[in-house]
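In the two assemblies presented below, subunit A is common to both, partnered first by subunit B and then by subunit C.
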Partner chain A sequence: MQKKKFSSQKIAPYLFVAPFVITFLVFSLYPFVSAVVMSFQQVNGFQDATFVGLKNYRTLFQDGDFYAALWNVARYTFWTLLILIPLPMLVAYVLNQKGIPFKGFFRSVYFVPVLTSSVIAGLIFRYAFSSEKTGVFNQWLSVLHIGPVDWLNSPHTAMFALVIIAVWRWLGTNMIYFLSGLQGISPELYESASMDGANSWQKFWFVTIPMLKPITIYVLTISIMAGFSLFNESYVYWGAQSPNNVGTTLVTLIYKAAFTNGNFGYSCTLGVALFVIVVVVNLIQTRIMGLFRD
Partner chain B sequence: MHSIKQTNRVKIALSLVLLIFLTIAVMVPFYFMVVGSFKDVQNIFSNGLNVKLEISKMNLDNYKSLWSNQDGIYWSWFKNSLIITVLQTVFALIFASMVGYGLALYRFRGRNAIFAIVLIMMMVPGSILLLPQYKLFTQLGLMDTYLGVILPGIVPAGSIFFFRQFAMGLSPEYAESARIDGCGEFRIFWQIYVPLMKPAFGAMTILQTMNTWNDFLWPMVVMKSDRNFVIPAGLMSAMTPYGNNYKLLFAGSVMSVVPIMIVFMLNQKQFIEGLTVGGVKG
Partner chain C sequence: MNMRFSKKLAFGAIALASTVVLAACGKGSSDSGKNSDGSTDLTFWTFVDGQGTFFKDAAKAWNKSHPKQKINLKVSVLPFDQENQKLTVALKSGSGAPDIVDVELGQAAIQLKGTPQYYSLNSALKPYRSVLQKSRLDNFTKDGKTYGLDYHVGEVVTYYNTDLLKKAGIDYTKIKTWADYTKAGEQLKAKTGKYMNELEYAGMFQLDSMVAQQKADYYKDGKVDVNNAAVKRALQMQHDWIYKDKIARSAVGGNLDNDQFFAEMNKGNVASVTMPAWYMQRMVAHMPKLKNKVAIAPMPVFQQGDYQTAGGGGTGTMVTNQAKNKKLAAKFVVWAKASKGQAYKIWENLGFDPIRTDIWSTDRMKADNDYTEYFGKDIFDIYSKLSDQVHVVTKTDSFAPTINDYILKNTLPSTILKDKMTPTKALDTAQAALKKQQSNQ
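Moving on to the complex of A and B:
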């Protein structure tokens, strides 16, 4: 009896983690290996593949669309990070003050946009960004005697149209993360800062921000992944092909290579490239933020 | 003393201005969507995007078209989204809580390696595997099936991470005393720790439902026949180079937000508490 219990306690953890291990092996690792293999192949249908060495990678490095897409997602990630970390942090801080009425209401309202799928958000914003004089944003601008602007056809405004959906959808979610972080900060820290004569700005800078670091790293990691794998919003605005690549993303190219051009090998090459890019960016990020050091 | 109160009042007034401004900014797109859904297409686009609130010109025609259009194809999409979301969420909650619990409460060989893989999976976008997964699922004969849509997402790394963080905060002593009473390992999980992890389940129910209900790329790739689309893919198919089916787009968008709102309203308190308690502790 004693022995049986002992062994079941040894086996149990493996049974608990088995679902992850199995699905990881079958649906992630195996496809990943097969992606790496196919990235060195010319694939015509799944039965007919020939090795072509580095040909796909040579194509990749000469592919103007690839660089355009990389530049787009890098800018997109940069802007979303620049806005979607400080702003939600500020809103969380404001909302966490004593004496603010309707806290629960504001918290819920800000969260609602993320419940809307990015496709539906994209549909609405697509109409709002119409190039017509009568489009919503052009109407607003006409008050200032600007425009009409051809929003979705020029690089800067196209980027703006992509970033604004992200800001609209994710403000509330990130705010809730920061709010949970704020509520975890012990009031004693603020009290002792007060005793040392800190004003409220100094308290925010020297107590709040450092204490929010773990949450910030989490939000940063998630945002980098979301930024570099952008697809839905771009697809709703432009489909698989945007004018002069103003909204092309890396995943758009992966999708297009696979399902529009039937170039399976090259689609895998792009996938491997995206993997390498995300890994490198995350390594840099952890270096800077020191995820594993403190 | 009086002046401190005064500055406090100013601070709160300024804060409220910011909060109210953001509330309006957040609500504007919903306003467009809802008002647009009650208007005739000619009326909406007669003047750009005409979203003035004109009750006399508003009607339910767009909603009626959800039933009449192509024999109510919208409701097929709705049904598909519903089935896929329920199945995937249930599986994801069961499996992610098991794995997270296993990683948090047992020490075993390979634990750190598995947790490292979970973290990597969280950082790497699934779309890099679009084509090889498509190939695998074609070979397995899972194209155009519910199972094909659901399978890659039934043990999501993000939820495992969350359950693990949550379970790390629970005392292992319950398990130890239950073992002394002769309780089996799985019963310890099911009868002691699952109830303790209730706030985590509340939070993850919303996140999972939301992610699955709104998922677009993979379901679009798997589901080939138009009756099998999920809502986002279906609505995209209502936009063609030859013209857009605005009735379906507007009313369909509103209807697709309703179920997820209901889930959120019902679980809201648990959700926010769950996220707060589970917190992300680096």
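Moving on to the complex of A and C:
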């Protein structure tokens, strides 16, 4: 009896985690492993695959589109990090102050874009960034006697269009993360800072920012992943082909290799490359931020 | 909790879960065979609402005329990209595909790659072949087997805004060659300041048509050949219209099949557009101001002997090899499009030029509908005259998507969108790059 009880207690936790583990094995690990396997294959049509060794990887390193896409997503990630960490932190800080009027209203307003579908938002922005004089952004510029600008067809303005939609969309999410972080900071810290004679800027700099570090690292990590796997916004702006690759992303290439060219092997090769890149960037990032040290 | 009970509960849960899973697996097979009323279930995926309705109606008509082979058609309308993705995954994994599916021409290349996972329509097509437009069947034919049947021919014509041309004193019926067209454009520009047309840099209908009308292609003996004289002539002409003759500009929105261009055309800012017959549907739906002002004319030509039309776009309905009753599905698909009564409905309900061309000259094609009200009753007089000139460029070869991709990404943006390269240089560059890619495959 004693023994049985022991075994049952031992089994129970496994049973409870089983749904997750099974789901993970079937829907995450298995596809991941088979993607790695497929990245070494040439897939001809639907039922026929042959191993081609490193051929796909050689193609990858000679593929100009791959470097163009990598350069695009790297720039995109850089700009989103530069804007989407300090700005939401500041907004959250302001909205967390006592005595700010319409606090709930502003919090909702910043969060609403997150709830829209990225495809619908992309469509609206595509019209707003129209090359015509009547496009929203060109109308604004015309007040300053600039333009009309062909936003989506030149490299710098195209990147601007991508970053703007990201800022509009993700400001709210990141703000929520920082708000929750701010609410976790003990008021006593601020009190003792006041007693030491710190002004509000010093309090923000020496108390708030260090205390928000775990949240900042989290936001940084997911932003890097999101940046490198950019797809929807680019696809809505340009579809699978953007003129001279101004909006091509790594996921655009993966999508195109698989569903336009039917080249599943190469598509998986690109996927593996994306995985390696994101892992490496995140490792460097956590090393610099000292995530695992303290 | 009693441990015996908890153990039972746990095993019970697992057993329950596995039953659910097994039941889900088994469902597919229990659907095969016939329903109690003798009808056979068939599933159909498409990406156009209208085509879904068309097939629903076709199933009703079929059941009336084929009481012994009744079908119960379940239609799913999916977004364009999603349909292709789901279909590709289902065929690759060997389960989950519908019985019948609409495959757009551009996607047919990957659907037919390797050993096609589709059922040949050859025997079902036998009674109809002589009345169907051949180049349209060829699009979906591989190794002598036809896997898809198109809705329409997609004959390319030039649509003129007669109101605008009148203001500039131009008679569109006098335009026979592209040189005439250019001259008319110059006259139009001088008198009204408006453009003769707009040119695609994120679309290939214009380039394809102007290549196809010269009986040329992007291929020669299975090898990529994008820098041949015909392609150069076509692209040079388009380039000249923008940068030399200044009678055109690059299309707003990148192609001629988007809301921004529809608005542009509707406002009367563009005098003509050369597009397939299905563009009539876009005009009726999105350019109400041009009602009764649009004339349909044959495409101008480069030189005598060129065709005055081409075939553009298309969607084939195909039967997958996962269909439970392939023979019945194939018979139904062919009947739904190629039988006489149904072919009329392709025109009346969908506004397409039906793939069955022998009905084009009948009176029923002149009957009142949204299209005859908009364009006049003689639409098919012009289409009929051109129906033996429909040449198409290769779109369903396995390398065709790569060619498309390259031209859309590099060649058109650096010649039509921006004047960065001469058409000759752009096409020579494309040929070199594509040749290398093709030999790597």
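One rule holds in what follows: the second predicted complex is superposed on the first by the 286 of 294 C-alpha atoms of A that agree within 3 Å, B and C clash if a C-alpha of one lies under 4 Å from a C-alpha of the other, contacts with A are read in each partner's own complex, and residues count from 1 in each chain.
Keep this in mind: a residue touches a chain if its C-beta (ideal position, glycine included) is under 8 Å from a C-beta of that chain, and two chains touch if they have at least 3 such contacts.
Just so you know, these numbers come straight off a predicted model, no measurement behind them.
With subunit A as the common reference, subunit B cannot sit beside subunit C without a clash.
In the superposition on chain A, A:242 contacts subunit C only, with no contact to subunit B.
By the touch criterion defined above, A:59 lies against subunit C but remains apart from subunit B after alignment on the C-alpha atoms of chain A. Contacts of A:264 after superposition: both subunit B and subunit C are touched.
Between subunit B and subunit C, B touches the greater number of residues of subunit A.
Look at A:155: by the touch rule set out above, it reaches neither subunit B nor subunit C. In the superposition on chain A, contact is made by A:8 with both subunit B and subunit C. Touch criterion met: A:130 reaches subunit B and subunit C at once. Once the two complexes are overlaid on the shared chain, A:20 sits against subunit B while remaining clear of subunit C.
Residue contacts after overlaying the shared chain place A:256 against subunit C, while subunit B stays out of touching range. By the touch criterion defined above, A:44 lies against subunit C but remains apart from subunit B after alignment on the C-alpha atoms of chain A. Superposing on chain A, the segment of subunit C with clashing C-alpha atoms against subunit B, chosen from 76-84, 148-156 or 184-192, turns out to be 76-84.
In the superposition on chain A, the residues of subunit A contacting both subunit B and subunit C are 5, 8-9, 12, 15, 46, 127, 130, 132, 258-259, 264. By the touch rule above, subunit A contacts subunit C in their complex via residues 4-5, 8-9, 11-12, 15, 44-48, 59, 65, 127, 130-132, 153, 238-245, 248, 256, 258-262, 264. Against subunit B, in their complex, subunit A makes its touches with residues 5, 8-10, 12-17, 19-21, 23-24, 27-28, 30-32, 34-35, 38, 46, 91, 94-95, 97, 99-101, 106-121, 123-125, 127-128, 130, 132-136, 138-139, 168, 171-172, 176-177, 179-181, 183-184, 213-215, 217-218, 221-222, 224-225, 228-229, 231-232, 235-236, 251, 254-255, 258-259, 264, 267-268, 271-272, 274-275, 278-279, 282, 291. Touching subunit A in their complex are the following residues of subunit C: 3, 6-7, 10, 13-14, 81, 84-85, 88, 91-92, 106-107, 109-110, 113-117, 201-202, 252-253, 260, 398, 401-402, 405, 408-410, 412-414, 417-418, 440. Contact residues of subunit B toward subunit A in the complex are 8, 11-12, 15-16, 18-19, 22-23, 25-27, 29-30, 32-33, 47-49, 51, 95, 98-99, 101-103, 106, 108, 111, 114, 117-118, 121-136, 138-139, 151-152, 154-155, 157, 160, 179, 182, 184-186, 189, 210, 213-214, 216-217, 221, 231-232, 235-236, 239, 249, 253, 256-257, 260-261, 264, 268, 272, 275-276, 279-282.
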